[in-house]
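Each chain carries a letter (A, B, C and D) given by its place in the written order, and its residues are counted from 1.
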Amino acid sequence: MKPAKRTRRRREPKNQVRVSRPGLRQRLSVWRDLHAYSLVSSLGRIVARPFATGLTVAVMGIALALPLGLGLLLGELERLAGQWRESRDIGLYLRVEVDASGARALQDTLGRDPEVASVVLRSPDEGLSELATDPDLAAMFAALESNPLPWVAVVTPAAAVDPAALSERLGALPEVELAQHDAAWRARLNALLALGRRAAILAAVLLGLGALLVVGNTVRLDIQARADEITTVQLLGGSDGFVRRPFLYLGVWYGLLAGVLALSLALAGNWSLQAPVAALAASYGGDFALRGLSAADAFGVLGLALLLGWLGAFLAVGHHLRRHRQAN
Amino acid sequence: MKPAKRTRRRREPKNQVRVSRPGLRQRLSVWRDLHAYSLVSSLGRIVARPFATGLTVAVMGIALALPLGLGLLLGELERLAGQWRESRDIGLYLRVEVDASGARALQDTLGRDPEVASVVLRSPDEGLSELATDPDLAAMFAALESNPLPWVAVVTPAAAVDPAALSERLGALPEVELAQHDAAWRARLNALLALGRRAAILAAVLLGLGALLVVGNTVRLDIQARADEITTVQLLGGSDGFVRRPFLYLGVWYGLLAGVLALSLALAGNWSLQAPVAALAASYGGDFALRGLSAADAFGVLGLALLLGWLGAFLAVGHHLRRHRQAN
Amino acid sequence: MLRFDQVSKRYPNGQLALDGVDFSLDAGELVFLTGHSGAGKSTILKLIGLIERPSRGAVLLDGQNLGQASRRRIPHLRRRIGMVFQDHRLLLERSVYDNVALPLLIAGHPPREVGKRVRHALDKVGLGERERSLPGTLSTGEQQRVGIARAIVAQPPLLIADEPTGNLDPTLSVEIMDLFLALPAQGTTVLVASHDLHLIRNLNRRVLVLDKGRLIDDYRPGVAA
Amino acid sequence: MLRFDQVSKRYPNGQLALDGVDFSLDAGELVFLTGHSGAGKSTILKLIGLIERPSRGAVLLDGQNLGQASRRRIPHLRRRIGMVFQDHRLLLERSVYDNVALPLLIAGHPPREVGKRVRHALDKVGLGERERSLPGTLSTGEQQRVGIARAIVAQPPLLIADEPTGNLDPTLSVEIMDLFLALPAQGTTVLVASHDLHLIRNLNRRVLVLDKGRLIDDYRPGVAA
């Protein structure tokens, strides 16, 4: 049997076609009418049951808000880590006996080293005032009669140079007491971030799966409650597309509303974390602030929620239609 | 009108009671039969629709697993922070010119101080070998011809003493170069933890709400699909309790299965984080390991899940019965 | 045992379904209720079954005003009324046996008794061999008979049946009517709504005739014959 | 236009509902189908409506074997058949108007035409004033008439009706039958399953009689009278 294609109308025996058949323009308007019908009937369903709709949208919205919030959090963390990681500088703590002129001489020498991009000197006074931003240490240093800090040369390696190797080479210079490159500290940060990322991915997978399940399950149960209606429409000659359309619109509405809810929740979360993050950043003397959602992000989230709603509805209706195929 | 109480059977006119009325023992057995009936019929429903049940349980299980995982994570963090915070010790870095005998003399003096509980000395050699566990620093120290580290006295304050004040007082001693109490570091840790706790509470509130919504919504949709059945049972004289019971059992089954799923997910998550946490702990030279779930925790989670399922079902059926009251 | 006292029923949409209906049934009577489509037959039965409440007047069952029955009392009242619904109202996911057993289960009968009674009721409507079937696999007439079996299984003091033979062929209709006719002898009062004027005429029993919500005739064979 | 060729139907549970049924309808004919409860009347109509498929034999509509219709073709075939269901099958959440308009909507008629046709069909079954009601607020007989209006609204080439007067009083039944009798003049072929032997006898048309799934009589008034 050949499946019926778009030409089906012409195939029907003329003597039985007593219902006037529309032309191309009218067929377009019929198509538009059908969609308008689905749109209105799905909207009507949503409006007629504010409580049920609210529940469904709340569940979906929360399911979407969580991976969204998690994603935002990870983004901020990566940004922060990036800021820290960018600093490839090596700190050279000079011997206490090296004075200002010795330090300047070293700066000149190092400035000519091809592996070094730039050298900045920090005098013991600068170091002291920097440490003094910490109230604990400030009190301690204030108690000292003389500044015990050495001169420090902050070396930025040239682009292609391995900072660890350079750090080791410079550490061997006679003027240098200690070369600090923080490789260990960086390794720890990376391990911590890897751990965070692993936990976040685990949670995101669960949450993404959860969101899809929630949408699919909700539409499935909605369909189950209307199985009779679907069967009747099929018996009256409604095609799979005709049956599917109102549910797809319903899924899209759910997705859209849930997306709006998820965005609101994410914004609220962002807002409520703003103050403690700022406090934390201030305690480190930094000026890190949560960036939040861009308009593009927001549209992306809405689009994704909409798509998810559509997909959940599509899968659920498809499953229903397939299951009830034999019976019809 | 007085509501009918347990005595209702006796109130009925005798001439219409042609159905044999059971005695107390039989009534107990009838009660048991009714429960068995609800139990079996709800189980039957679960078994007859493995796909639908699977979906519902998956949604609920994930909704439960997330706050569970989050709670576990917070617990571990608190434990870790607690370990760190427990240390109230003050490190006294003595001047370089203070030698072993000077250090021992100071230890004696401090040992008699009423604000000090105990004093432990660490020699420069001990300090060196401790620092040398960090590969970076080990290389650096190996390059030094003599040990530049001072003697360190680790002071544990007496119980009621404020470590910060003690630290300041001891820092002023002539032998002491630097008293380190890490108040700043601690403040940062606390701020970080407060931030984490705030984010976690936000997420937990959302997730807990989500779990309740999911259960309630699922049972609500389930009921909606069986509204006809409920009405019929009511028309045949089924009391609210009779109508409610199978749904309560259904909710309990859902909750139980979801609890099991949530536990499995939490265990899987715990297992998959074990390795990176161990790696991280090792990089700090510590031996921190995830503790995971105790049997008591597991039972608590199951009980909570069960209760949540029951509650969701109770609310949903109650809502349905109330809404359809006028009609009947 | 049942009395309608100037009962009117106006549905929320303004439709006046009953208008001052007044009649009473004695215990052990069998009465037919007839009238055109939309006359109000089902509405009368719904008032008795506490599915609707009267807008005016009172429905009294054994002297108790059903319109004032408390919510908690309704299930107990309903257990004393066997109802055959015009749309059957079977539980589609339960077997025929389970459907018929449901009223006994609700009333809390010992399981031993249940099996015997259910089989007896199914035999009476000629469906003894279909007890394991699901209602969806029965013909409409067979479903209607399951509904009848369910209504009589608990031997209620009052039986109300809405169009119990609407989907049955004439032979079966007569058999089912014979079943109803035998009930008063067991002490059951029976009220049957039906269009089947042929059948009703032949049985020569009391007939209430409704027209647009008004009771226009209360034909008693003893008086007219 | 419709032919049953040695059709048997055995349901999955083993029930043999039809056993070698053989008949054919010409275009523009009106035929009754009768038989006891469970004889297989609804099964015959379900085979025509592609709700079930025959286990053996072939059902041919305009020469096309319905048992082999592809899944995608089924909706188009169904749009050419008007069906009155024994259990009405109305959409309970849509108004009477929307229910009757549904086949036109599915077939894609221009909205202008729809309103006119729906009102015309509702007037024919005497429910012109109830178009805004929900099916749940109608009496069973009224619901049945909505189902009839929905089946005729698209003027299908073939109309099959399962017990269309089961819930109607005798006067209305005659009116509805008159409605069906007028359809062949418009070119519609009509097959009506019914128990109402009184009604069928008076109309003196062709009658197919089923008994336990077998066609035991094909009475044609021209031959017998």
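By our rule, a contact is a pair of C-beta atoms (placed from the backbone, for glycine too) under 8 Å apart; a residue touches a chain by one contact, two chains touch by 3 or more.
Just so you know, these numbers come straight off a predicted model, no measurement behind them.
Undergrad: What are the chains that subunit C and subunit D both touch?
TA: Under the touch definition, subunit C and subunit D have no mutual neighbours whatsoever.
Undergrad: Specify the chain most distant from subunit B by Cα centroid.
TA: Most remote chain from subunit B, centroid-wise, comes out as D.
Undergrad: Subunit A to subunit B: how many Å between their CA centres?
TA: 26
Undergrad: CA centre of subunit B versus CA centre of subunit C: separation in Å?
TA: Distance between chain centres, rounded to whole Å: 58 Å.
Undergrad: Rounded to the nearest whole Å, what is the centre-to-centre distance of subunit A and subunit C, using the mean of the C-alpha atoms as each centre?
TA: 63
Undergrad: Going by the touch rule set out above, what shape does the chain contact graph take here: line, ring, star, complete or other?
TA: Contact map by chain: ring.
Undergrad: If we use the touch criterion from the header, which chain pairs count as touching?
TA: Taking the chains two at a time, the touching pairs are A-B, A-D, B-C, C-D.
Undergrad: Taking the complex as given, what residues does subunit C use to touch subunit D?
TA: Touching subunit D: residues 11, 13, 15, 34-38, 41-42, 86-87, 133, 137-142, 145, 162-163, 166-172, 195, 197-198 of subunit C.
Undergrad: So in the complex, the part of subunit A that touches subunit D is made up of which residues?
TA: Against subunit D, the touching part of subunit A is residues 1-4, 8, 12-13, 16, 18-20, 22, 26-27, 29-31, 33-34, 37, 228-229, 231-240, 242, 325, 327-328.
Undergrad: Mind listing the subunit D positions that touch subunit A in their complex?
TA: Of all residues in subunit D, those touching subunit A are 49-51, 62, 68-81, 83, 85, 89-93, 102-103, 105-111, 113, 150, 154-155, 157, 187.
Undergrad: Would you pull the subunit B residues touching subunit A in the complex into a rising list?
TA: The contact residues of subunit B facing subunit A are 52, 55-56, 58-59, 62-63, 65-66, 69, 73, 134-137, 139-140, 143, 148, 168, 171-172, 177-179, 181, 183-184, 187-188, 191-192, 194-195, 198-199, 202-203, 206-207, 209-210, 213-214, 216-218, 220-222, 224-225, 227, 265, 269, 272-273, 276-277, 279-280, 283-284.
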